[in-house]
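The same subunit A turns up in both complexes below, where it pairs with subunit B and then with subunit C.
Let's look at the complex of A and B:
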């Protein structure tokens, strides 16, 4: 194993500051877990680096050890197994956007990611990184939530599958145990088949924006009656969230009989809207209700 | 750590901190000053280079990520036939004013003209959406890339 202990010069706007950092580049997954177990205290796993480099620049990451992952090609793949599409955690967004398999099986999922960051970021950013960075505004998560995706979590002695709706516990808090990583994302191959689909990302620019609000939905309506509905939001709550209570309320209702005051009531029960530099909670709340209305009426 | 990579078609080896940004490696270790730093957060595209043929913001790429890979900067692209074509087109349409964003636009446009090259304004806008210009405006930049797409078929087949 390459165990590098060296000085890293962190460049700041005001000048240069030298920080001691410890780095590890494990040769295999097994070595990764052995290394990870030996490190006490806080550590970071580096995938594409598009979030971590910004956090280093802003001084949010100081001298914690960093374990490099991106060279582990076994986690960089899109394949089909049984009834699932499996996307390795280190697969980049440009690989997702170029995948023929996804184009055939999950075109709505693939098309919805076209506005993810910019083409320059899509080349390096990874699906696992987008999930594990834990941002409330992670673009891919609302889509994975409505597609009933599961995460395959790897540790030294165990593999387990967790629905992505159970992965987040709070702001940047996960169900992950110590020394456990996201290995892959599993999406049922027919997850979007037969549904009417909806994805809207609201921002201040046409390109390269971080969402003020993102909403993803799937519905099956026949004779004006909502037979099935799945809704998920990003940037509204402390973590992207599936709206199970709103779904439950809407199911089996006639579209023209929906009382949106009731929708708001159920939304309030499961969401605590956030206010940040991009937008405030009142705006986010209102837009969310309006977009649910748009989706149901379209 | 020692890393090996191809820089503008030449094989190079350096001993470098694994987290050092590709942007700083290019500017400090190789004195390739065409690659600019502006936002340092991947939002402006001034530091764009090609990594294994694809455009990336070099401020978000670490030394450890370029080991064994191919890096092409604006300096390398300026020597390529399509790079030269683009520089002429940017010149003709007066698309460069202060010039700070230009190397980044050159790299991203090069990738578009080389790999796609369709004279399609929407596709060009999408391809260049990660690069920001704050003075000339985008209209002339789009015009110059459209012009390059128009002229590409006139080039010798081995240069395209």
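Let's look at the complex of A and C:
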């Protein structure tokens, strides 16, 4: 190419960024809680930052303080203890996808997350962030729901465990107390053993998409009878939900005797699909029914 | 056919190639557009947020415009900035600049505008169904024989809709303007397709306050697809005004969500077809096409899109009696503009679907039916232009053979009997006339310049831009291959309106077809005049003759005579042709169409650079497929998409196996390639879905929600 120098002097300008936000980087978990307690009003934690940064850019978060978590390696591991697999809240999705332990113990769980975001986002996004961001579309939550996972919640002086099905109270509302964080996720090591499994995440394309709806299921059928069934859905309510009523109806039924009108009846009590920019209510509802039917007849 | 490497490949890989936002100038400040969020209304009051020092800002309104408040376009009806009344969402009201980009963004997002709202048309169907919205240019191609339809002929009446499409270039729109008061020159560094359009745009807004506008493109232009044909004129105008007023270099780079929402898109269309087919001969005997475009609030270049639209609307079929009418419809949305295909994809969307509908009703397979009706030597376009080659039919035959269409048709039918999911296969064909329509190239009068230096370095000067499509590499290659000169001795000047002659805009599939072929001829002419065998040796032994500058103009073939009033004659001298077969897998549970394979055969004449041509074809085919399948821009009641989270471009995972073959490559001329890959593939998906399920859908894109609605309707019938 020709070298044509424009007659005007080109310079590198280092843009003066005016940052009004406060950031904290505690050295340890203990310091984290101390820092957190000192901050009065609203504040956010930054784990992988893949949700938070978007919210900052969109102006949804203005000048609330941000506390970094991502360097606290004690919350970043996958291990087995007693009958549980424990996954630290700061574990990234790529660590989950690469874990040998999960490959052996919870392969369905691991495989189902392959469609999470993109390889780039997988390396930074954490599972704690996915749960605590509180989006109805969070990929990991329907899976954790059917695996009967529990969350370990940490605060300065207390450690408590709650089933993930009790964690959400409404849209972006949780039982988390002030100055409490998600420390780890506990999954029974045999949570998926002996079950037939099902997971579908539906979106506008095959990769890098937000779920229009997601459905996860486990079932045990013997002699055509449904002995056990666990179903959970995402993007169909204000937060991902277990379909306890549908499960109850299906339990102990013969597969060929299921009346889908009844399934729909119970389903309607448990999901509230909406029409938005991404999809339609009717579509979400109909696909949910279709997938449940396919799973049961599989 | 040599696949030489693109001249920008290495600097793009190592990051040294500069895109617009990589440029900075001393004292430069940042600009942003403040635009209307009201669809139609009077501007009552603009309120700025408190706590900012207003003296730090530079602001321009309509009343600051020094020349005329009208952007130069084929139809000059769009103002740079709204004065008292806004006519669409996204209409620019002010340009504002400040040294700090982040602060400026905050300031603008907290600025509020009060309107007195007036009635507005924002919905595509509301716009296109109502004849009261017709405005501007109307076109008719009247090729009726006067014969009444025979009562035995089978009548089909259908209405088809196509949506907006977003160009989705990698690099958003941007401009830098630098006012030089001493020389009274406005220098603009432009991210654009057409530097001379931008020059007109800047000179129009600045009036006689400047002597001249000089436009130079950035080194890299990160994609354009038509989106950087006319919007840059408006953007450069406002950026220049800000630079003039502030006395500082000003840079505006659009935020992605602004770019998606307010810049030009592909025109949504409503195409109504009435056709009459002879059930004995299976020939379509008569057709009536009503072609409507939603232009947005202003005509701008829509009449030109309309022209190409009606000229391609009949697809590749010879129909003895044809009547085609094209009209523009006004709405209160941003003006739609150029996008690869330029009106043609809409026409093919309708006609290629219509053909399958007739074929199925006549109990024929869509290939057999096409074969009977397709253009053959001796036939005519509706404009009376004679068909002089069977290349379209050759494309069809080759793709049918290569895709194993006839066997798969049977195989899928069998498979579908025993499966809930369905497999389908569909055909579509298309073509694209190269260069400006009708007398356009004559009027453009393009010129190129070449300088041969003492060291046999050859410098090529054209105003056509390389926006990633490889134009500069291919243009240089055409010149050098003609005289067998080494490529390393090649230089291509960065387009600059004071250095490169006006070789016309980089649009209309004309760059290689018009300018490339001109350069090839030019090279041969220079060789002839000097009488050399080897240029390097000749320059060495004739040093006194160099450096030497040559100029050459494009001369239109005298056979191209077109009546612009009545739409009769030769609309384009050369056409590129194509045919496509796509296979789909339909998921019954989720109503999703998965593309499994797409096979295309194209005739683009001589293929100059196999690798670049294949890349352009594959990319365009994917863009075309996505248009029919998943790209969804506007939802009634919810408005426009804001970004790539909502606007679903396909990812690599969604790409089926794409097979492209070029035929008739022994031709001497390289024909247009830019647009045709986008024109023809989309209808093959709809036809494959029709083949798979028997459900005929009259609207793009075939997103699962739409499929479910159509299946429900069909069930109730």
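Simple rule for what comes next: the second predicted complex is superposed on the first by the 279 of 298 C-alpha atoms of A that agree within 3 Å, B and C clash if a C-alpha of one lies under 4 Å from a C-alpha of the other, contacts with A are read in each partner's own complex, and residues count from 1 in each chain.
Please note the rule applied: contacts are C-beta pairs under 8 Å (C-beta built on N, C-alpha and C of every residue); 3 or more make two chains touch, one makes a residue touch a chain.
Worth saying up front: this structure is predicted, and the values here are computed from it rather than measured.
Enquirer: Which partner does A:208 reach: the first (subunit B), the second (subunit C), both, or neither?
Expert: After superposition on chain A, A:208 lies in contact with both partners, subunit B and subunit C.
Enquirer: Between subunit B and subunit C, whom does A:276 touch in the aligned arrangement: first, second, both, or neither?
Expert: second
Enquirer: Quick one: classify A:291 as touching subunit B (first), subunit C (second), both or neither.
Expert: A:291: touches subunit C, not subunit B.
Enquirer: If you stack the two complexes on chain A, which partner ends up touching A:248: first (subunit B), second (subunit C), both, or neither?
Expert: So A:248 meets neither subunit B nor subunit C here.
Enquirer: For A:98, decide between first (touching subunit B), second (touching subunit C), both and neither.
Expert: So A:98 meets neither subunit B nor subunit C here.
Enquirer: What is the contact status of A:66 with respect to subunit B (first) and subunit C (second): first, second, both, or neither?
Expert: Touch partner of A:66: subunit B, not subunit C.
Enquirer: For A:25, using the defined touch cut-off, is the partner it touches subunit B, subunit C, both, or neither? Pick first, second, both or neither.
Expert: Once the two structures are laid over each other on A, A:25 reaches subunit B alone.
Enquirer: Overlap the subunit B and subunit C contact sets on subunit A and report the shared residues.
Expert: Of subunit A, residues 2, 4, 6-9, 11, 206-208 contact subunit B in one complex and subunit C in the other.
Enquirer: Mind listing the subunit A positions that touch subunit C in their complex?
Expert: My answer: residues 1-2, 4, 6-13, 15-18, 59, 200, 202, 204-210, 276-280, 282-283, 286-287, 290-291, 294.
Enquirer: Considering only the defined contacts, which subunit A positions touch subunit B in the complex?
Expert: Against subunit B, the touching part of subunit A is residues 2, 4, 6-9, 11, 21, 23, 25, 46, 48-50, 53-54, 56-57, 66, 68, 70-71, 94, 117-121, 123-124, 206-208.
Enquirer: For subunit C, which residues are in contact with subunit A within the complex?
Expert: By the definition above, subunit C touches subunit A via 7-8, 23-26, 28, 100-103, 109, 178, 187, 189, 216, 219, 249, 459, 472, 491-494, 496, 499, 588-592, 630, 632, 635, 638, 641, 645-646, 648-654, 703-705, 708-709.
Enquirer: Quick check on the complex: what are the subunit B residues that touch subunit A?
Expert: Those in contact with subunit A are residues 1, 17-21, 24, 40-43, 45, 48, 51, 54-57, 59-62, 64-65, 67, 108, 126-127, 129-131.
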